[in-house]
Each structure stands twice: as structure tokens, then as C-alpha cells.
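A, B, C, D, E and F are the chain letters, set down in written order, and residue numbers restart from 1 in every chain.
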Amino acid sequence: MKNFLILFFLASFGISTYGQNSFEEPLRIIAIGAHPDDTDQQMGGTAALFAKMGHKVKFVSVTNGDAGHFNKGGGHLTKIRRAEAKEAAKRLGIETYTVLDNHDGELLPTLDIRHQIIREIRNWNADIVITHRPVDYHPDHRNTGILVQDAAYLVIVPNITPNTKPLEKNPVFLYLEDDFEKPYPFQPDIAVDITSVFDLKMDAHDAHTSQMYEWLPWVDKELSEVPENIKERKEWLTDRWTLDISSQVRKALKKWYGEDRGEEIKYAEAFEICEYGKQPTEAEILRLFPMLNNKKQ
Amino acid sequence: MKNFLILFFLASFGISTYGQNSFEEPLRIIAIGAHPDDTDQQMGGTAALFAKMGHKVKFVSVTNGDAGHFNKGGGHLTKIRRAEAKEAAKRLGIETYTVLDNHDGELLPTLDIRHQIIREIRNWNADIVITHRPVDYHPDHRNTGILVQDAAYLVIVPNITPNTKPLEKNPVFLYLEDDFEKPYPFQPDIAVDITSVFDLKMDAHDAHTSQMYEWLPWVDKELSEVPENIKERKEWLTDRWTLDISSQVRKALKKWYGEDRGEEIKYAEAFEICEYGKQPTEAEILRLFPMLNNKKQ
Amino acid sequence: MKNFLILFFLASFGISTYGQNSFEEPLRIIAIGAHPDDTDQQMGGTAALFAKMGHKVKFVSVTNGDAGHFNKGGGHLTKIRRAEAKEAAKRLGIETYTVLDNHDGELLPTLDIRHQIIREIRNWNADIVITHRPVDYHPDHRNTGILVQDAAYLVIVPNITPNTKPLEKNPVFLYLEDDFEKPYPFQPDIAVDITSVFDLKMDAHDAHTSQMYEWLPWVDKELSEVPENIKERKEWLTDRWTLDISSQVRKALKKWYGEDRGEEIKYAEAFEICEYGKQPTEAEILRLFPMLNNKKQ
Amino acid sequence: MKNFLILFFLASFGISTYGQNSFEEPLRIIAIGAHPDDTDQQMGGTAALFAKMGHKVKFVSVTNGDAGHFNKGGGHLTKIRRAEAKEAAKRLGIETYTVLDNHDGELLPTLDIRHQIIREIRNWNADIVITHRPVDYHPDHRNTGILVQDAAYLVIVPNITPNTKPLEKNPVFLYLEDDFEKPYPFQPDIAVDITSVFDLKMDAHDAHTSQMYEWLPWVDKELSEVPENIKERKEWLTDRWTLDISSQVRKALKKWYGEDRGEEIKYAEAFEICEYGKQPTEAEILRLFPMLNNKKQ
Amino acid sequence: MKNFLILFFLASFGISTYGQNSFEEPLRIIAIGAHPDDTDQQMGGTAALFAKMGHKVKFVSVTNGDAGHFNKGGGHLTKIRRAEAKEAAKRLGIETYTVLDNHDGELLPTLDIRHQIIREIRNWNADIVITHRPVDYHPDHRNTGILVQDAAYLVIVPNITPNTKPLEKNPVFLYLEDDFEKPYPFQPDIAVDITSVFDLKMDAHDAHTSQMYEWLPWVDKELSEVPENIKERKEWLTDRWTLDISSQVRKALKKWYGEDRGEEIKYAEAFEICEYGKQPTEAEILRLFPMLNNKKQ
Amino acid sequence: MKNFLILFFLASFGISTYGQNSFEEPLRIIAIGAHPDDTDQQMGGTAALFAKMGHKVKFVSVTNGDAGHFNKGGGHLTKIRRAEAKEAAKRLGIETYTVLDNHDGELLPTLDIRHQIIREIRNWNADIVITHRPVDYHPDHRNTGILVQDAAYLVIVPNITPNTKPLEKNPVFLYLEDDFEKPYPFQPDIAVDITSVFDLKMDAHDAHTSQMYEWLPWVDKELSEVPENIKERKEWLTDRWTLDISSQVRKALKKWYGEDRGEEIKYAEAFEICEYGKQPTEAEILRLFPMLNNKKQ
């Protein structure tokens, strides 16, 4: 019965709209990461796909990225990070990238930051909110996850931060992929083929110079391996980001794209549906992720 | 062996006491919810059963409910909410309903609120403490769950809030039912048939005018469906609260009430035993929930 | 020597510009009060004078005014207060009135609110910042005073809230008048004749219905004296606000307006120069308060 | 004119009521100190006089006194301190002594403690509130002063801690005497002859064993001088507390008691009127401090 | 294949080094518990084994233990606890035992305590960090677990607490054993036979007089059972601590020590690998836990 | 009488010891500023004099200086600042310079930083503690002043941060000079002729490259005036720091050095005695500031 409904949905609604941006209203997606490159890393491809289809994507970094570096720091580093984020947004084709001015490496789930996030979600009039799972590797990621979860119901409550108009409906909240198994592993409820925009995603990564060519290789003790030459380092970056697709995500790709195409997809991003916020049906997922409709692409 | 023990217990202790209020000491139950209607919703029936049997039930709302409304708020709303809570307590027959003066929608697990809760539990000399799971849908529910968990051991430590006499024994801590599956679904360790008091529970719900007929329907965009007429709206309310019993809770009902009665029970409330605090044996559960002894009722 | 300089200044610069709005750049004034009517009460007249001369005035309320009432409260009251503030701004002719979403009656000098204030001052590119003395009668006023003082140097430091461009020069910080004597009485370094705009100030006060006709009379146990009739209550309001000018302020008026006019001024507002921030010379005061130049008016 | 009014007041109201406890309503005084002996030390005599005249006095210690000792501490010390405080209250004849459970030596002016204090003042329905100046020697005293000041207006605001009924009128707030000169010296607006109850005050001090015979002499390196014998140590204590009256307080005593008696008073306590809260006229002071009426005593 | 690798490792590296302390650099282990006896209880044996083999072990108590007692408390109790901890460290043969000065029973995961922990880990130049799971029974244990998890990545980030040199590599983070099943039960990834040092562990426990012979029996209402005689009470203590080994830990012992020896081990301690920090291979585990190499012991 | 005592003191003790470092125990001075150059600026000369006489001086910066710069920041800037501070300490000849790791520009008077300061004062076993007045221009200075004041009594209380041994006597607390008039102007109770070490002070200033040649001139819009040449910029620096001595300080110099020498002193530093902590007699001042004894120098 559920399958029938999906087929019906595809026939009557999904496929016909794809590629035509014929929606009355574009979808509004807000992705809230801890640092000014987190959302790029974990959903840059999906964001580019949304953008290409005429939907409105906003990236938010809850911290200002003023700590994650080995020989820069503070407001000076923040300004570099913000400029890189703006450039990455431009390359992905998304609407905007906001960097909130909270210290990197010191994020706590305080009320005032919860309220900052509620305002971001409300002002974006979001249909979809995406963030870290509260079990990801960095305490800032975990606390971002908690903060966004804590916003999930309150975005519709008019008396909370009452000077910002509440949403009329609770959005769908999604988690970005991570590798952690406890207390339970990431569940790829939605998986997106980003092969067609992977280069674009790498272009955006390339804009994050202070992260991709400086801090992250330094952490991995590979700083000396970063090529000087701009073209070469972009290739080196692409190699680094050509990652295996986990068996669970592969399974999800097959679910959404069919066995054959699902098997062949080279680059993917996956999302888990948060239990807080709206719980979408499969039909609603297809409406919210219209790139999933285009299985013949 | 375990079954034998229960039968033995029922024969020698349980049944003989039921319905007679022949305890030396009535049981003392404290239910700690986030808002001034949460405990009513999720254990109003069980509370009414305890009260009818002569046991002492206290409801506590950790927040003052000053935010959850669309056209009222602040201290003004709190006063309405507190009056509704007092009326609901009266209708359920429980001893008292305390509304703590912490902001609704802004609850954090701070030390001072933890101490408020420790004092409530100690002053009530509680045998049973009931609260939300720290995974429930509203951040205030989650933080209430954390706060009560954090009180679980400290209620017996004399040097914590030393001016309030510590408990001599750690109570049993229980969680209220919710629908969340992650990181693991609610486990109905205890399930109570509330059919005989369901009307009473609806009477108590009816006392929460600002919640049941205003805020909750507004959230569900059903405000226009609320009947004007007092009798009709009570019926509308009863319909809304006639919920399916989950298969897990049904299973628990059969465990505690036997297959046949368990199958027929129309209204139920269920509780999960928290791992912090005293871990009761089944015999102790039967002593603490004497309504479970009356399987022939 | 100092007097000579002032005369010179008046001759060469001050008088010629007055009344002509011939500045290259209008002055930018930001007044930061605790509640959505505080700045109106204590500098509404001066603000109207600035506005009439083409200067840019912004009022900020650090709290959202969600507590100061006897039968309204919370977000509901905030929305009323914000609408009243917007209307008052319109009547005074000032640019804008921002209401920050911090709880009324619970303001503390936290870092996040300090940063809100730094951003307000920077984004307004302020020449003049005006606030409460940290000894005023309401704890929110005192904490607003502390918060603005604590912003006084940091507005020029680029690494503080680095995503908001710092000011290139420290503004002059001023205090609003109050009656407190300890640890030292208010010093009217600057006093402004607001007689010509007093009616306008009363119009703005009249916009603050929930304050002027409800809360403040309630506090004074005069609620029953507020006339129903719109015109009458405006007169009642004007009577209430026709206050004696203190001897110290009278002295300051004479200093700035000359003995004769200073003696006759009916309505005035006065300001004390805060020791933090730029310390203006008298010439600079005359440039920053161009209405003081017009002594023959 | 003012003198005339006072004379009139004395003739028509003050003297006639003195000594007869003929008030319709006894006065209600609440003294809020930082530690469980502070108010005893600085107004124990005045409290005893109030109590003898049938007025209701409550002492509050904002901290639980769990730190100020050399070989005891924590909850264990708190319990000793609370028992001593209760005994001292009994000896002074006052109604009650409440010890709030906040850590000694770690008091900060937080919102939750401000709210504790607001509730204490409201629940006592206080006419007079007495506390430390925010410049006293111990950080807990200074922060207690700030906390009580911050309560001064809010006790009448219904939306602040809305579940506790607000006062209908703002009480008079007074400061206890201290020796500090900056930013300005203590001003003895009111001075009370406590000679007739000095022994009672010493009895109350004697109840504070852990303070008077242990901690305070230890701080002064005089522990070895404390007599073992109960009677002797009481005498030693009395000697220690027979302090010179400052010239300012002597001046105030003469104002209130007349030159002759004022000159001879042996033991006194003095109070400064806080600028927040009600500003009493002299007539009101005489009504609030009825022991001042008895100049012929 | 995995087994082969382990055998290879044992042959080429593990066994040869065992018992000879021939490492260039001893291992550096830091165990961070909530109270000044927690790490002793749950890894005292393993610590003694490390110490015997020449490795450097540091115990840290995040709180100062100033609350967990029935008739002592505060700084007075802290000093007793610290002295006991130092003595226990001496008996176990470990390098040092640091007691941080945070209140017992009031630990929250604040930034300043996170930074204290980061500094402890960095200054110890730790290879292994061991702490409580964030689900253990006491809120201080849970918050210690959170705090150490939150340090797990930041110990290598130079801009976090920049005046303390960051680690060059992320250590392995491990959890101490507990009995809790939710959200998932403790996983004994590593299990250590401590039979040979169990007496030493009991000697260390015996040093914790205020815990082992006072507080813990008081909690269990067994205070009267504690023998007076020093030798007898040590025996009583040893009986109390002779605990059954869980089936999961037994399984782990067999994995690491072989079926036969694994079956016979009388006393054991077990550890779960935290997903944050370095994820060790089995070979690395054998290098980090060299006592596991000695299967023929 | 007081004068006699001073003369006696000079004759019998002061002069004879001067220049001989014949004290049994050198004096121990701790100066606690907000940033890693504040104490250098305001008491570098006095510190150098103490050091030359064999006394032990420690400088502490409560913040890590990670914000005050225009193109550097964060941990990166902190490391520069700390190295500069160490070099400055070396040039002044003082024992040590500790930089605490609290954010610059964000200092609040929290308990954990109060405890950091208490430990610094105790561990230094200080006779003299010197800090900012709580009215200085920068919020970090004001909060440092509050923090040190709040430590003033608690340094002798054993139960506060009980793992750090309390001082046996309360030190003298002093304030550094500032220009602020409200609520009362700086009172130079002690003034020190630093002419003989002014060059040394400038050497120390010169070590603070990132402050003296970068940040401070940038603030004053004089960055372009800083000479490139090392010798020239040192001269430029010396010019900048050749400040007028205020009439109050001049008066104090005459008091301590006599009219004639007092009149001629070219460079001076002055201190106000804080009312918290020990209140020294003049004789004690002369013992604590032995350089004042050498009036014939």
C-alpha cells in the first residue's frame, strides 16, 4: 500500500515537476553546522542540487571558527573563515552563509544560542533543517545537534523569542551523516546521488583554504603533502574526499534510486530523520527532496 | 520461579490489602512534569487510582507554563495555569499540585533547579518518583528528565541542600510513556488499566482550559473545531484522548493483568523503570502499584 | 581661553549650520534603555530635536518589556510593547526602535547581551550612545548601564564579535537623568531645552498605552484616575509629565542657553558624560548637540 | 515645617501607641544577611526591641554558612549553623530565622537567588527590609546587598516570580552599619539605643558557638583566649562586642533621642536608608521604628 | 586474519618487551574519575599492574569529594579525602593523584572544568585516558564522562587553552565498567586480570577510610557491620569487593587471555573503547595494555 | 604620636635595612592585571625597584590577551603575548609572569576565575596584592578589580578552594593608578619614585612589541608613526610614556620623599590602599615599600 502511494505520487506530482522549477514556492532549506565548513563537507552536493533546482538553501555556522587552526586564531581567523564560507556559498550556488559569532571549540547549549538558532530557522521560514547528530566527534558538533533539537518544537511557539515570528508548521529536521555506532549507528533514511555536482562540491571545499589546505591536513600530519600548485592541490583535495560509500548508505541509494542506479552511484550524501519536528511520509520526502524523483537522470 | 514468587506475594500480601487501605503508611508518589498538565496527561488515571486507594500523590510542574499559548503569556498565563492545575488535582483527588516558577520553554538542567527538585522529592518523602524520559519531544521535557535523573542518587546524600532532610531510602524512579524510538523505544515495565477512572482523567483534562481547548488545538490547527458548548467540548476532548494502546503496552497489560483482561483493557498508562534509583523486584512493583494486584477487578 | 574657543566655534561653525541640516553627514545617536519606553521618557524631546534637524536617532530597548504589567505578560505583552514603541518612534520622527528579546525584570550583565549591545552600537555607527546610570531605580536599568559601559571601549576592538565591523572611533557615552544621590548625584553636563517639542514627546508617550495608561498608574495606585476619553487622558498624561526642573539642571540650562533663556525654559532633558568612551570638549559637545547652538531661538 | 509635622505626629500617633502594642497590625521586619549570624551582629538589639513591642521580625541568611570555619565544613557545618541560628532567634524573641541553602563564600548575584529573596520579602509581607551595604568587607555581604537592592522594585511587580503574590507597597530598605569609607561612608539615618537589650543580644551571640567562640577568634588568632568556662566565655564575648560608637552614629542618636540621652547611650545600632524602595519621611521613620518615640524612656 | 595479526604482533613485539620494561618511553595513563576513590574502585588493579611494569599512571578526581559523607563535609572533608587519595596512590604505586577543587555532588559540564581536564590530559602527555561512561549512576560520574568526552578532540587543538601545549596525537579514551543497560550495556572491549594485584587494590581501598568504612557502608545501612579492628575491617572490605565477574567480561577475559586462563581469572577490570579519540587496533591495544601480552603468566 | 613612631621606625629599622637586603624574608608582591602588559605599564618601575632590593615580584595577567589586536588574534596572539610577558619579566628582574587562560575582552567576575586568583595569591604567599580599581576604562580591568577584591577576605578562609593552603594573614591590597573621577578619584596613598628604573621600565615595555608598537598605536591611529628602526622606536616609546605627574601624586611624593626631592621626581607610580584586606599603618607601609625609606637617595 505504501509503495502504491509512492508510485501514485510520482506519477501525479513528482516527476512532472522535476527539472521545471514549477513550484509555486521554492523549498527552503537551512543547514546548521558547528563550523564554517561543516555543512559544506556533509551536504555540499545536496545543497548544490537544491540550488540548481531553484530551491533556497542557507548554511549557518554556529561558531565563528576562531579556534581550529595551528598558527592563526581569534577574530582574525574568523574573518578569513567567513570570507571562505561566502565564497563557498557562491560556488555551490546557494543563497547565503551566515557565521554566528560564538567561540569555536567552546560551544555550549545555552539559551541565548538556542534563541539565535530559533531565529535563524524562523527567519528562513524553513521547510527542512539539517544539523549534526548529537554524537558526532567534536563537542561543538554534539552541542549544535542538541541546540537544533531543542529548537525543533519551539520554532512554532509564539511566546519564545516573541519578536521573531514563529513558523506556521514544524519543519522536517534531519541529521548529517557520521560514523559513530553508539548509542546507535547513523540511519540513512534519505540518500542523495551527488555525482553530478561532486566537482562543484570540491570547488566549494577548495574555497575553504584555511580548512582544507591548512588545518585539516595539519591535524592529520599531512601538511607537507599539500601541493603548492593550485590545480594540483585541488586534485589532491578531490582524492582526499573520494570516500567509500558505506553499505547502509548504498542500501538507501538503492531504495531511492533503484537497484541498478543505486549500485553505480559514485558520490552520495545521506540524512537521518530526527524524531523531533515533522515526521515525513515517503511521499513528503520525495516532495522535500525532489532530486530523488529523477531516477532516470 | 519468578512467577511463583509473584503468586506467593499476591496470596500472602497483595490481594488482602487491596481495596481496604489497610496499609500502615500510605504510599507517597510524586510525579514531576515540565508543564502544568504533563503529568495529568500521562498518568492522571494512575494518579486517580492511587488516590482512590488512599495513597498520597503530588504533581509538580517544573516550569510555570508561562509560554505555551498563542495569545496569552508571562505571569498572567502562569496564574491561569496554576489555577487550572489546582482544579485538576482536585478532580483527580490527589493531594496537591505544585507549580515551580521557572520559565516555560527555557528550562535548563541547572543546579538550582536540580536542588528545587531534590527538595520536592525529599519533602514529599517519596516512594515513587515519575518523570519524562530525557528523549521526549519538548526540550523542557528532556531537561526535566535529566534533572530528575540527576536527583536520583542525591536525594539520599545529606550534604546536598543540607537544610532539607535527606530521604532514608532511594525511591523508585519511573518514566512516563512517549513515542520515541531512539536511542531505544519506551519500555512499558509497568502498565496500569485506567479504564475505571478514564472519565475522571478527562474531568481533570477539562480543567486545563488554556491547554486543552486553546493551546493544544491551536498547535494542531484545530482551534476552530473546539466546541463552544461545555458539554460538547468535553466530549470532543474525550474523543481526542481516546488513543490506541501500543502493542508493547498491550503486552505489558497482559503480563500484569493476565491475557484475557489484558486484551480487553480500553485505557491504559505505562511506566518504564529508570536505572537510577531503587531497582524494584516484581514483588516490590506489586506493593508500589497495588492496583495491579486486583486482577479480578 | 576655553570660553574664547567656544565663541570662536559658535561663530565659525555652530550657528551657521543650525537649522539648515547642511552637515555632510548627519549625526548618529543611539539611546539604549532597559524597557520599551525608557528612552522616550528621558530623552524623547532631545531625540525629536535631533530628528527635526536631520540627524539619525535609534532607540533600543534591551529587554522586551514582557513583565512590567499587572494583567498581561510574556510574549503577548512584548508584541504590544513593540508595536507601541514603533508608533512612538514614528511620532518622535526618529529612524527606528529596536526591541531586543531579553526578559524584562531579569536582565543580567551577561556576555551575550553585552555583545548584542556592541553590535547595535557598531551597526548604527554611533557618534553618541546614551543609557541609564548604573545606579537608577530598576535593576534592569542598572544592568543596562553596566552593559553599555562595558561596551564603551570594546566597540572599537576588532576581535570582539569580529563578524560585526568595529567603529573607527569611540563614541561619546552619556547617561540619562535620574534622582539618585549615591554614590554621587547625577551631573547635568549637558541640558537641552525641549519646550518646543514637549507636545511631540507627549504624543510619543501617548503611544505607550500599556505603560502610560495601564502599568505606571497601576504601580502608583492611580489606575482609576486615568480618563477613558482619549483627549482627556492625553491631558492627564501631560500633567503627570510636567515635572519640576532640578536646580542643577537649571544651572546647566543657564550655562548652555545663557542666564535669561535658561531661567525661562519650561521643559528640559539633561545628560551626564560617562567617563568611558570619548571625553568631548565643549566645542565637540556643541557639534554633537547642535540644538545648543541656537541660543537665540 | 518638617519639625512641626513630626511633633504633630508624635502627639497624635507615636507616643500614644508606644509601649502598648496597640497597633492594629504589627510591623513586619525582614533582615537579610549573608551568613547565619550577620543580622544578629548588626541588628540583634533592634530586632529584640521590635520583638518586645510585638512586631514580627524574620532573619534570613542567604548562604548556609558552610564555609566559614577552620575545622568543620559543608552540610555538616550548615546544620550546626542553622541550629545556632534557631537558638539565637529564640533568645532574641524574634519570629523565625531562615537559612537559605546557598554556598557560603561563593554567593553571586544570580537570578535564582534574587528570586529566593523576592519570595522571602513577599511572603513576609515586609514593611522594612534590612541588608548589608554592597561595599561591606566580605564578597558574600556585597552580593547580598546587590541581591536585596535588585529585589527592591521587583517585589511589587506581579509578573516576577508570579506564583508568589507581590507586595502591595514597596517596603523601606535599610542598610546595616559598616566601616567603609568608599565610595562614601555609611550614613546613620536611623540610630537605635539598644542598651536595654544588649544582654539579650549577647545571649543571642552566645548561641552562635561555632562563630563566636570558634571561627571569629580563629580569624583574629585569638582562639586560645576563648575561655572554656561557659560563664567566662560569655563575659569574654561581651567585652569583645562592647564597641565604641562612631561620632556619626552618636550624632544620629542625639538627633533621634535628644542631646542628653543621645550622649549617654552605651550601645547602639544604626541604619542607612537605601535609595531604592520607599523613601520614608521622618514621621514614617518614627512609625516604622516605634522605639524611637520613647525619648523619655 | 585478525588473529594472525595478533600472533604476529605478540611474536615480534609484544612478548619480547613484556616484563622487561624495555620501552624507550613508558606509557602514560590518566584516569579521571568524579570523586577521590572512583578510579581506585574501578581500575585500581590495572593501575597497579601498569605501575609495576614501569608505566606512569595519574589519577584525577574532578570533584574534591566534599559532600559524600553523613557527618563530615566541606573543605574539612576534602582535606581528609585528598590525604586518603595520596595514600591510596602510594599503595598502588602510581605516580600521583590530583584532586581538583570542584564541589562534589554539584558537577556540571562547564567550560572551565572542561579546560581543567584538557590541561590535566595535556600536561600528563597521556597515551590513555580513562573515565566514567556518561550513563553511570551518579550525576557527577555522568558529567565527568561528558567532560572527558568533550576534551577528546580538543586536547590536540592548539588554540584551546592555548597556554598549555597541545598533545601531538589524540590518546585512546576508555570507559570504566558500570552495570547500566541503557541506552546500551557496557562493552568490555578490554579486560584485565588483576588477580595478582587484588590485595594491593584492597590496600588502596583501605586507605580511603572515609569512603570505605564510613560513607559507603552508611549508604548501604551497614555502618554497624564495619569491624573496629583494623585487620578485620580490611577482611570485611575484601569480602565486599569480591564481586562476580559478568558474563560479558568473562567472555572478554577469554578473548584476551585464552579460554583456559580466562575461565579461571578471579578478579578482573574491564574497559570500553570510547568512539571519540584514537580508535586502536588490537595490536595497539596490546601495546597500550602490555599486561595482556603475558598470557602464559 | 604617629609621626614619632614613623621616625622611630626609620631610625631603628627602615634605613638600616635599605640597600642591604638584610631581611630574613624577602617581601612577596603579586600584581594582578587584566592583560599581559597592564601591570608593567602601571607598576613596572616599582616592581623593578622591589626586585633590585631582593624582593619577590610576580605579575599575573587574568586574561590571555587573545583579543587586543587588529590583525592577529586567538591562541596565536596569546602565545605571542605570553612570550612578550616572559621577556618583560626578565628585563624588569621580577620572578615570574603568569598568563591565565581566560578570554581577553570577555572577562566576567565568575567563581572559577575568583578561585584562580585566590590560588595565585595563596601560592605566592603574598604580602602585597596590587590590581586595577573597579572603575578603570576597560571592562576587563573593572572585572579584574572586582575579582581581586572578592578574593581579599577569602584568601584566609581554609574552606574556600580547600586544596590550596590559605594565607595565615590577609595581605595589603592596593590599586593601580587611573584617571577616573567617579565615584571618587584615585587616591595616591603611596607614591614611588621610579626615576632610577624608568629606563628598565621602558625596556620591559619594549618587550611588549604586539602591544606597544602595534595595538596601542593602532588604537590611537598612530601606527604609521611607529619607527621601523629598533632604537628609534624605543625612543618613540619612551617619549610616549613620559607622562605628567598629577598634582595629587606630586603631593604624595612630597609626603613620602620630602618636599624637595618630591618636587623633582621625574617619573613616579602611585597606589591606593584598598579598604578590603589588611589596613596598614604608615610604619607598615614603610616596611612594605622599603624604597620609600631612602629619602636621602
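Structure notes:
In this text, a residue touches a chain if its C-beta (ideal position, glycine included) is under 8 Å from a C-beta of that chain, and two chains touch if they have at least 3 such contacts.
Predicted model, so just to flag it, every value in this text is computed and none were measured.
Among the remaining chains, those touching chain A as well as chain E are B, F. A rotation of 180° superposes the C-alpha trace of chain B on that of chain C, rounded to the nearest 5.
Interface repeat of A-E: among B-C, E-F or A-B, the matching pair is A-B, sharing over half of the residue-numbered contact pairs. Taking each chain's centre as the mean of its C-alpha atoms, chain C lies 39 Å from chain F. Separation between the centroids of chain B and chain D, computed from CA atoms only, is 45 Å. With centres taken as mean Cα positions, chain E sits 52 Å from chain D. For chain C, residues that reach two or more other chains under the stated contact definition are 66-67, 69, 73-76, 78, 110, 158-160, 162, 183-184.
Every pair of chains that touch is listed here: A-B, A-C, A-E, A-F, B-C, B-D, B-E, C-D, C-F, D-E, D-F, E-F. Contact residues of chain A toward chain C in the complex are 64, 66, 74-76, 78-79, 82, 99-101, 110, 112-113, 115, 158-164. On the side of chain C, the complex with chain D involves touching residues 66-70, 73, 104-106, 108, 135, 137-139, 142, 180-184, 219.
Interface of chain A with chain F (complex): residues 66-67, 69, 71-78, 103.
The residues of chain A lying in touch with chain B in their complex are 109-111, 114, 149-150, 152-154, 156-160, 162, 183-184, 275-276.
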